[in-house]
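Just below sit the structures, each encoded as C-alpha cells.
Both complexes below contain chain A, partnered by chain B and then by chain C.
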Partner chain A sequence: MTNITTITFNNSTNLRIDMRWVSSAINNACSAEKAKKITIPVGNKTTEIGELFDITGDFSNSDIVLNNASEKFDYIGYQLPISKRLTVEGDCGHYAGAELAGGKLIINGNTSDFSACAMHSGVLEVKGNSGNYTGSAYAGHKKGMSGGTVLVHGSAEDFTGDLMRRGIIMVVGNIGSYCGSRMIAGTITTLGTVGNHAGSGMRRGTLLFSELPSEMNSTFINCGRHNLGYLTLLLHELRTYDSEFKSLHSMRRRVQRYMGDPSVGGLGEILIWIG
Partner chain B sequence: MAIKLTGGEVYDPAHQIDGKQKDLYIIDGNITHSLPDNEKITHTHDLNGCIVMAGAIDLHTHIGGGKVNIARTMMLEDEHAHPHLGNHICRSGNGHAVPSSFTTGYRYAEMGYTACFEPAVLPVNARQAHMEMADTPMIDKGGYVLLGNDDFLLGMLQSGADQSAINDYVAWILNASQCIGIKVVNAGGIHAFKFNQRRLDVDETSPAGITPRDIINKLSRAVHELGVPHPLHVHASNLGIPGNFKSTLATMAAAEGLPIHLTHIQFHSYGTEGDYNFSSAACEIAEAINSTPNVTADVGQIMFGQTITTSGDTMMQYFGHEHAHPKKWTVMDIECEAGCGVVPFKYRDKSFVNALQWAIGLEIFLQVNDPWRVFLTTDHPNGAPFTSYPHLIKLLMNRSFRNDAFNIIHQDAQKMSNLASMDREYSLYEIAIMTRAAPAKILGLTDHGHLGEGATANITVYRKQDDVERMFAKPALVFKNGTLVVKDGEVIETVKGVTHVVKPEYDKSVEKSLSKYFADYQTISLPNFKISNDEMIECIGSEVKVHPCTQG
Partner chain C sequence: MIINGVLIDDTFSEAFSMRATRIVITAINYKWARHAAETMTGFATSVIGCRVEAGIERAMGNHETPDGRPGISVLLFSTDRKTLQKQLETRVGQCVLTCPTTAVFAGMDSEDTIALGKNLRYFGDGYQSSKLIGDKRFWRVPVMDGEFVCEESTGITSAIGGGNLLVFARNISQALLACEAAIDSMSMLPNIILPFPGGGVRSGSKVGSKYPELSASTNHYYCPTLKGQPGNVLDKNIEAVMEIVIDGLSTKDVRLAMKRGIDAICDLGKSQGIEKITGGNYGGKLGQHHFHLREIVND
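Presenting the complex of A and B:
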C-alpha cells in the first residue's frame, strides 16, 4: 500500500474552517496524533483539529487526500510545498491554493474566490468551476500569482488573473468580465467565451482566446493577423495537461492580435485564434 | 480600600525624586503617600528590584482620524502580516505600522503608556477622529486641531483681522472640535498646494497673500493669549527637504519669544553639505533649542524597516510619493481646511539618506541639554511604529549599543555624522522626564505624569534589568486610574480612557461670520459641526476632561 495521508471532515459545524494548519503540519512533518493536537480558531472558540477531522498517516507522506471538503474550507493547499500532492474530494472555500509553493493541488469540485491567490509555483487543477479573482493578488496587495499553472476544467468568474505576475491560467470553460485586469505579465487562455473589459489596465502578458470577448475595451489596438511561432511552443506546454486543450492542433499559430492596454504602457496582447 | 506599592525605586522628576525607595498607596484611583487611618489595604505589591514611574505620555502619535484609516486600508500587507487574535479580555485586531484601534490601545498599555495625543485632527473630521479614539481602549486621548491652512483663518489674516478676532476663532474651534491644542502643518503650504504651488518657504508669500511666518506668529499669539497650556504645535515648512533647517530656525523666530512646540524636528534638521548635498544640521537646531527657552521639540526619530507615512502635509507627501514602497500612495484635499497624504515607506540602513536621518534624530536627542524640552517620539507611524520606543530608549541610554548600531549603517552616512563621538547616555531620570513629567507639563495635565499626592494613579512598574529595551517593552505592572490593567507585559483588564480637552472663553459673536462661511462653503452646517460634551459621552463614547486655561 502506498503511503497516503487522509484527512476526513467528521464534524457538523457550519462555521468556516481555516485550513492553513495543514501547511504547518506538513512543515513540521507531524504525525496524525500530533496534528490532531493543533488548535485553530473556529468561530469564537479555539478548537483542536482532532475534533474536526479524522486523520490517518503522517504528514511526511507526499500524497495527502482531504475528504468531505466543502465551500466552508478556506486556504486549502496554502503554501503547499514541492513534492506534495493534495487531492480534495469536494468543494473548496476561498483562497484555495493561496501562495502555493511548488506542490500539486487537485480539487475534485468547485472553488470559491481568490483561488491560486499569490501562488508562486506548482499546479492547481480545479475539476469544477472557479470563483472570482482566480490567480490574483490578496486584496490590497500589489502582486498576484507569480508562477505555476492553474487549470480549471469548468469556468472561471470575474477578475481572473487580476494583477497576475507570471505563470499560466488555463480555463476550459468560460471566463467572466475583467479577465487579466491590471495584469503585470503571464498567460491566460480559454476555450470558451470571455466577458467584458478583458485586459483592462494590463501592462504585459498574453490573453489567448478562441473568440473575441463580448465587448473589447476601446483602448486596445487591432494589430491585424499574425503567425506567431511561439504559439506552437505554448501549445506544446498546454497539451501536456490532461484536458480539453489537447484538442487544439499542435501546429496552430494564426491569430488576430490586439495590443494594450496603452493607458498603462500597453505591452500586453489579446490573441484570438483564427483559421 | 487601598492598594500598596512597596519597596520600589521611584522616579518622579516632577518632584525631583530620582530613584528613591518610597511607598505609594492607591485610593479611589488616586495616589497618596500615606495611608489614612480608616483605610484598609486590600492588596500589597512588593516591588523590590522594580522601578516605579508615572504612566508614560506620548504627545505626538497618529492614532485616529481619516488619514490613519486610509493608511490602514492601503497597507493591507501590514494588516495581513500581523494578525492579533482576540482572547477573553482583548478584542482581535491586526497591523504593526498602523494597528487597528483596539490593538493600538493594548500595545500602548503593554508598554506602560497611559495617555496619547493625536496631533492632526481636522476640524471637519474631528467627530470621526474622536469616535476612532473612543475605540482605542486603555489610554487617555486628546487631539490637536489643525489650523493654518483653512480658508476662514487665511481669509481673516488676508483681511487684516485683529488679534482678538483670531483668538475668538481659535477658541471657538477648540471648543467645537473638543481638542486640547492647536496644530499647524506646513503653515499656508497645504493651501498653496491647492493652487499648484509645490514649495512654500517661511517668508514667501502664499497664493493667499500671506506668509507662513504671519500664520505662525498670529496663531502662537492666539494660543498664548487664550491661556491654552500646550503651545502652538508646529509642523514646520519644507519637511524632508535638504537645507530645511533654515526654515526651521525661521519658524522658531516667527513665534517672537512666545511658546512654540516644533514637532518631528528630525525631519526639519537637514543641511546641504557633502557629496550627496544632504547633511546633518542637528547641531544648529539643538543649539537653537538650547538657547531659545520658549521652544520645545519632539524628535520624530526614524527606525529602519517598513512603515507608512501619514501627514496632513500634502505638499511634502506629494514631493515624497516617488519613494513609496510598496508603490501606492494618495494625496487629497479635504474640504476648505487642509489635506492629507499617505505614502508607505521603507527606511533602509543601507540608504545614505535614511541612515543619516536615523543619526540626525539621535544627534538631536543627545545635543539638546534640557530633557524637559525634548520629547521621545517616532511620530508614529511616520518615523517608525510606536512599538519601537523601547529600542529607542536603549539607543539613548546605552552608548556602546548605539555605536554598534551606528557602525552598520551606510558608510558615507557614518562619515557625515558625529554621533560616535557623543558620549552622553540618558539616565532613567531623564527618560522619566521626557516620557512622563515633561509631556504632562507642556500639555497642562496637572494630575498626570507624576506620582505626587493626589495625582491620578497612572503608574508603570518595570522590573529592573540590564537590558533596558526588554525592561521598557514589558512592564511588570501598569495601573490605569488605579486599576491594574497590565501584568508582565500582558493586558489583564481593559478600561476606557477619557478625552483631554481645553475650553477657552470666546466672544460668541464669532459665530455670526462663521455661520455665513459655513452656509456658503462648508459641507455641514455650523450647529452640526460643533461637538458637544453630551455627544462626546453619549454618541462618541468618551468622557471629556476639561483642563483649565490660565490667561496672562
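Presenting the complex of A and C:
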C-alpha cells in the first residue's frame, strides 16, 4: 500500500499563508517532525509550520494530501516535481501549481488567479473554477506556461493562457475575455463559451472552441472550413483525461479556421468546431 | 536432410547487421496510402546500389494508426544511421509529402531516434506549426490539399539484413512457383520485409568482380547457363535458381521468416520440380549472423 502524507490546516489563522514550504519539504524529503520546524512569515510574524498544520508521514512519499485548504493558501503545488501527487481538499489561493515541474496537482475546489503560472510540465486538475490568468506568466515576465496540461472542470476567468508558450489548457465550462492573449504557442480548448477579444495579440498556438467567441477581434483572418488531421491526435490526448472531453469523438476534425493575430504578425489560429 | 523430396543443404545463410526504422503512412484511404508507400519504397532493393532497403511491412486498420485513418507500415534498413536518416528524409519528402492526403508517423518507439518531419517542416516556408501532444511533437505543413502532418522523429533499432534462401528447381516456372509460395507465407509476418521486386531475386551476387571497380557481380556458381564452367555447382537437371532476401528487425524474425519460407517450398516438394534449398554465404567471413538451414527447419 502506498504511504500518504497528510497535511491538515488547524484554522489557527485567518491570514494568507505562503505554501512554498511544501516544495522545500519535498525537496529535502523532510520527516513530519522536521517539516513542522520550518518557519514561514505569516502576517508580521514568523511562525513554525507545526503551529499551523498537523502533519503525518514523510515528504518522501509520492502521495500528499492537503486537507482543509482555503483560498488564503497561495503557491500550493509550487514546483511540484515529477512522481509527486498533491491532492488538495478545499479551495486554493493565487499561484496554485506555479512552476509545476512534472507532478500532478489535483484541487477539489476552486483556485484564484495565476493558477499554473509559469508551469513547466505535469498536470494541474481543478475540479471547480479557476480565476484570472490561468497558465499565464508572472506579472512582468514574458513567458507563461511552457508545458504540461491544465484541466479545469468548471470555468476559467479572463486572460486564460496569457503569454502561454506550450502545453494544453482544457476548460470544460466557460472562459472569460482575452483568452489566449499574447499567446506564444500551445493549445487552449473549451466546451463552453468564450468572452471577448480571444487571441488578442497571439503569435502562434491554437484556440479550439465549441462556438465563436462573443466578439471576434476584427483583425483575425477567416481561412474557411477545413478537415484538420492533427485534431485527431489532439483529441486522443484530450480524451485521456477523465472529463467531459471524453464525449468528443476522436475523428471529429472539421473546423472553421481563423488565423491571427495579424496585428502582431501572428500565425496562431482560432478553430471553431463545425457539426 | 530431405523434406518431401527437397534437399535442405547443410549450410547457412549469411546476414549483416543493419540499422532499421519503421514509419506509418496514413491517407484518406488505402489507395493513396499505398501509392505513397510503394513510391517511397521504390528503388530500395539493396544497399549496394540504393543505399537503403525498404518495403511495405503490412496494411494497418483505422484503429491502429495515430490519426484513425487507413495506413501502411513501412520498414527501412541501411548500413548506418546517417545513411538511414538521409534516405528516410529524401524519400518521405519526395514520395509521401507529395502524395495527396497523406500523413506520416513514427512506427517505432526508441530512445535512439532520427529526424522524420524535423527538417521537412521547412517546406512550410514559415507557415508550418508544431504541436506537442503528449511527449511527441508533430509538424503541420500547409500544402495545397490542406495540411501535411508529420511526426518530428522516429525510432531506430539494430536489425539484420540479407537473410536469404536459394531455391533450385528444374525450370523457371517451378522456381517461381516455389518462391511465390514462400513469399506469400513470409509476407504475413511482422517485422520483416522482402526488399526485392515481388520478394524474389534472380540476380544473386557474389562479392567482387574481375572488374576492379565493381564490388559485386553475378553469382556465376549458380547460373544455369554456365553449368560445366569452373566453380559452377549446379547439377545438370537444374535450370533455374531463385533467391529470396529477408531483412528483419531481429534474428528471431529472420529465422521465423526463413522457416515459413522453407516450409512453404517443401510443401510443394520434389513433385513440383523443387530439388534443393540452400543459403547464400561468403564462407562466414563477412556477415555477423549465420542462419543454419537445418537448425531452422527444426525450430
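Note that the second predicted complex is superposed on the first by the 274 of 275 C-alpha atoms of A that agree within 3 Å, B and C clash if a C-alpha of one lies under 4 Å from a C-alpha of the other, contacts with A are read in each partner's own complex, and residues count from 1 in each chain.
Criterion: a contact is a pair of C-beta atoms (placed from the backbone, for glycine too) under 8 Å apart; a residue touches a chain by one contact, two chains touch by 3 or more.
All values reported here derive from a predicted model rather than from experimental measurement.
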**Request:** Judging by the criteria at the top, classify the pair chain B and chain C on chain A as clash or fit.
**Result:** fit
**Which superposed partner A:P41 touches (first chain B, second chain C, both, neither)** = first
**Request:** Look at A:G140 in the shared chain and tell me whether it touches chain B only, chain C only, both, or neither; answer first, second, both or neither.
**Result:** first
**Prompt:** According to the contact criterion defined above, which of chain B and chain C contacts more residues of chain A?
**Reply:** C
**Request:** Please work out whether A:L267 is in contact with chain B alone, chain C alone, both, or neither, and reply first, second, both or neither.
**Result:** second
**Asked** Vertex at chain A, arms to chain B and chain C: angle between C-alpha centres to the nearest 10°?
**Response** 110
**Message:** Considering the aligned complexes, could you tell me the closest Cα pair distance between chain B and chain C in angstrom?
**Reply:** 22
**Prompt:** In the superposed arrangement, what residues of chain A touch both chain B and chain C?
**Reply:** none
**Fill in**
chain A residues touching chain B in their complex are 41, 138-142
**Request:** Sort out for me which residues of chain B touch chain A in the complex.
**Result:** 73-77, 79-80, 85, 326-328
**Contacting residues of chain C [partner chain A, same complex]** = 66-69, 103, 126-127, 129-134, 138, 140, 146-147, 149
**Fill in**
Residue positions on chain A within touch of chain C in the complex are 147, 166-167, 185, 187, 204, 206, 226-230, 232-234, 236-237, 250-251, 267
